[in-house]
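Consider the two complexes below, in which chain A is the common component and chain B and chain C are the respective partners.
Now for the complex of A and B:
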């Protein structure tokens, strides 16, 4: 019996007259890769923004590790161990890859202001440890050539991986990936599916992924949730969802 | 010798502009708002230090620390009460708000301490050092030394501390900062606190040279010009811009007809906008197409 890591209960949110998400319930088990698919405007990214507390829920609640997280501030979500990436990447553009990854360790930094001013041994030890953790992530995602490069000068595909790397530096329990393959070429997408496997199996991180590329979804995910117009259509194994009549109708029309 | 003498007073005046400009830039970088009350915060800091040091007769160090503490609290309070409700409002509204805040601070200072100019007595008031014909006032030395120490501390703060790095992160990308676990709103309040501390430091250092009165914050406009010359958004640029304006002002006062001294800051600003509109240390990058 696997353990339930995250549970969404009757999530609902409207923007003006648009019901972006309606009574959506799903749960994510510890250790799985859970994909959310659906046509444009189905509410996929809205679900992510709800989980990361960018939007307030109108109704419903979200349970993470047994605690209700519906009322936390966005920065507290990170402290709980939920990391995310964005569809169009939100990185610190004028900093190096290394600095972007180091800031991912922010929640783990425990040194005090005065010690930091004096650069005491404890501070030094922590910086070294952080650097080592960051290097592990760099090795995992093959980012070595870009370590000292400024984000603004990097190609889009690399930036997307840097964002995944930054999320991993937070050592999250749950990783939210918003369209990780958008803007990647076919080889990069292929690499991405292997990395997803590594992240999930070797690091033991549970992943919720919003994704359009059905090949990637079918290959990488354990279960899939199909959304349309803010409503859940179906949830199940990738092969079931791909042939589900409601899903086909939502994508292809009647 | 005359030139050297001018240079020294220019540098010390420039340090004051530079410190106020630092406050402008800090708040702008972090919150994308321009705080036109920065000069008035300096004035208020000067008055508070005057209260502790001269009216209450506290010793210098405790008096200064109390001033900085109180000003930091004022800065945080201003952000919390006035600026935070303005999140999402047009920048122009925020700008008007800070101009209004400046008026309020001036009126408040006038009501509390009166409109008569006051002199702040400090341990470094009055004395001079002579090198041959060169005369340097202790106050001027204190300004330069104070600015250097302050800048050193700010550098260490942003380079090494968790809070300083979090501030940089919040100023570069608020959304990303949220998702690595940085409480962005609290950081903004602290940025205001830090800017108020810097303003108060400038106020304490400049008060023995120029007198304290509710209108002394008007140098803030020159400091604003200095910040733009330095490339709004760059901390070293703000300091350098301040020095350029301060030095130019002294030389204009001696070698150019009357009136040029006070306008030289704006002439330099105008010139800069023609030649290199992005400022000396450009931080705004052109969008690549």
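Now for the complex of A and C:
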């Protein structure tokens, strides 16, 4: 626990009469895996959509690496080094795994349109460089068998991993994983927890994860934030949260 | 069966993936290169028209097939290219400069049209581009000092270094050279970051923006590039027509262009070529067929558009991937022979939202 990478201050957003997130504050340290849990409709994915600026904040602000990012456009968030995955996967369906991952390298491009029309040597060099980085991620997540396959033909579990891989290709500083284990079988979930460790420890990427699988949360995360009805219930180590009376009440009722 | 052994990442970047492709494309190049010695002027002219359609189709394909933005107004860009090229030629601008300027001018107009279109998708965008095409048509009809209005505007002869480019052979080679250049430019674009960002927008805007793709800028870029290619085709089309009048660039032309990319096969540059051959040569084929029919059947009015429409409907029902889709299936059959599995391309219903391909 060294320095603060991301900080949310009094985030609030409502849709019509529904207060999706209310006065939510939390901070994520450099290098930790931070999980957000909560019953359905608690506002977990909304928090992600706020961070990636798909939604506008009503109140509050978000600080990333000391800069206020609450007013940036979604693509600028990516350029800052925040990558994300989606709950139901949002891949480029008609493209191969390889091309999906190459799109993940988009923010690292340095060529200009005119160079690309002529495919100057610089463009080729960049393509080969991109490919090398992509292959590193493919090796890390064991996606070799699927490299040339069209996303539309892949099983759901593989797609989830391709989405994580695509986010990793961006070489982000902060990775937002929205229910990475949903739709995975127990074995795949097990693999996921090892990969999370690799991503976090070997690549040094800070992770914020929304997750329902408490086993995975307990195993992988350093700290947990429990949400219910858009309000923060508790923040702490996984074991504390699992036994926290407010959290139990939110899940099980009185 | 063919197995390509990959030993270097560059092989995936190269345009030709294996020696078989190199051989067949070389054969094709020799064939189209020698065509003027084999064909008479009429067929050469028809083939030049196919090339012109193909250049316009590349533009439309980049927009519709790769970026997923539908345009019902591409006849307008064709018209802008044609008129500005003819206008500049008429004012003594040399041919290459006039053609380049017409291309750039169309691209700029494309970018401007793209701006309000950025917030629209699907049918709304189609209607907006349609409105744009109608505006352009009106401007062409009424801005008489520049366009000649309904009377039209003669297209000056194209010359390069004192040589006329208007002979059917030289014009054929001109169209061929520009088509090859356009194809290379489009292929290069598609294997680089910009092409991939177009595809990303087509398949998922939300995810594209989370990947750092600037939606507005990329879409307006797609519009500009698309309009540029179509404007270039317009410049050549002007020479093909010889005399410009607004009725050459109507809604029907836009629809024909759109048909070309859909029938050819959305999302492939092969499809553009197939579609251009289809659009360019089918009317001739139908006219040819008409001569062989019994007089009673041949005299039915509207036979040509009828057959045209029928073929289109059959394609949409049985081969939504277009001519290129059919081509790929046939090729795979031979590639995998004798191990081809008949269910490879069987269409399946998909239920998961993520399995649906829009």
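Criterion: the second predicted complex is superposed on the first by the 253 of 254 C-alpha atoms of A that agree within 3 Å, B and C clash if a C-alpha of one lies under 4 Å from a C-alpha of the other, contacts with A are read in each partner's own complex, and residues count from 1 in each chain.
Note that contacts are C-beta pairs under 8 Å (C-beta built on N, C-alpha and C of every residue); 3 or more make two chains touch, one makes a residue touch a chain.
What you see is a predicted model, and the numbers here were worked out from it, not measured in a lab.
J.: Put chain B and chain C onto chain A via the superposition and say whether they clash or fit.
T.: Because the two structures are overlaid on the shared chain, the partners are seen to clash.
J.: Figure out whether A:156 sits in contact with chain B (first) or chain C (second), or with both, or with neither.
T.: second
J.: Which chain, chain B or chain C, is in touch with more residues of chain A?
T.: Of the two chains, more chain A residues are contacted by C.
J.: Which partner chains sit in contact with A:88 here, chain B, chain C, both or neither? Use first/second/both/neither.
T.: second
J.: Go through the superposed model and pick first if A:75 touches only chain B, second if only chain C, both, or neither.
T.: The answer is both, since A:75 touches chain B and chain C.
J.: Considering only touches as defined above, state whether A:252 meets chain B (first), chain C (second), both or neither.
T.: After superposing on A, A:252 lies clear of both chain B and chain C.
J.: Is A:104 contacted by the first partner chain B, the second partner chain C, both or neither?
T.: both
J.: Can you tell me which of the listed chain C stretches (2-10, 20-28 or 182-190) runs into chain B once everything is aligned on A?
T.: 182-190
J.: Please identify the positions on chain A that touch both chain B and chain C, taking each partner from its own complex.
T.: In chain A, residues 52, 54, 73-75, 77-79, 83-84, 86, 90-95, 103-104, 106-107, 109, 111, 113, 116-117, 119, 123, 152, 166, 170 are touched by chain B and also by chain C.
J.: Can you list the chain C residues touching chain A in their complex?
T.: These residues of chain C touch chain A: 9-10, 12-13, 185, 188-189, 191-197, 199-200, 202-204, 206-215, 221, 267, 352-355, 357.
J.: Can you tell me which positions in chain B touch chain A when the two form their complex?
T.: 153, 156-157, 160-163, 165-166, 169, 172-173, 175-176, 178-184, 283, 285, 288
J.: List the residues on chain A that touch chain B in their complex, please.
T.: For chain A paired with chain B, touching residues are 52, 54, 73-79, 83-84, 86, 90-95, 103-104, 106-107, 109, 111, 113, 116-117, 119, 123, 152, 166, 170.
J.: Using the touch definition up top, name the residues of chain A that touch chain C in the complex.
T.: My answer: residues 52, 54, 73-75, 77-79, 83-84, 86, 88-95, 98-99, 102-107, 109, 111, 113, 116-119, 123-124, 126-128, 131-132, 135, 152, 156, 159, 166, 170.
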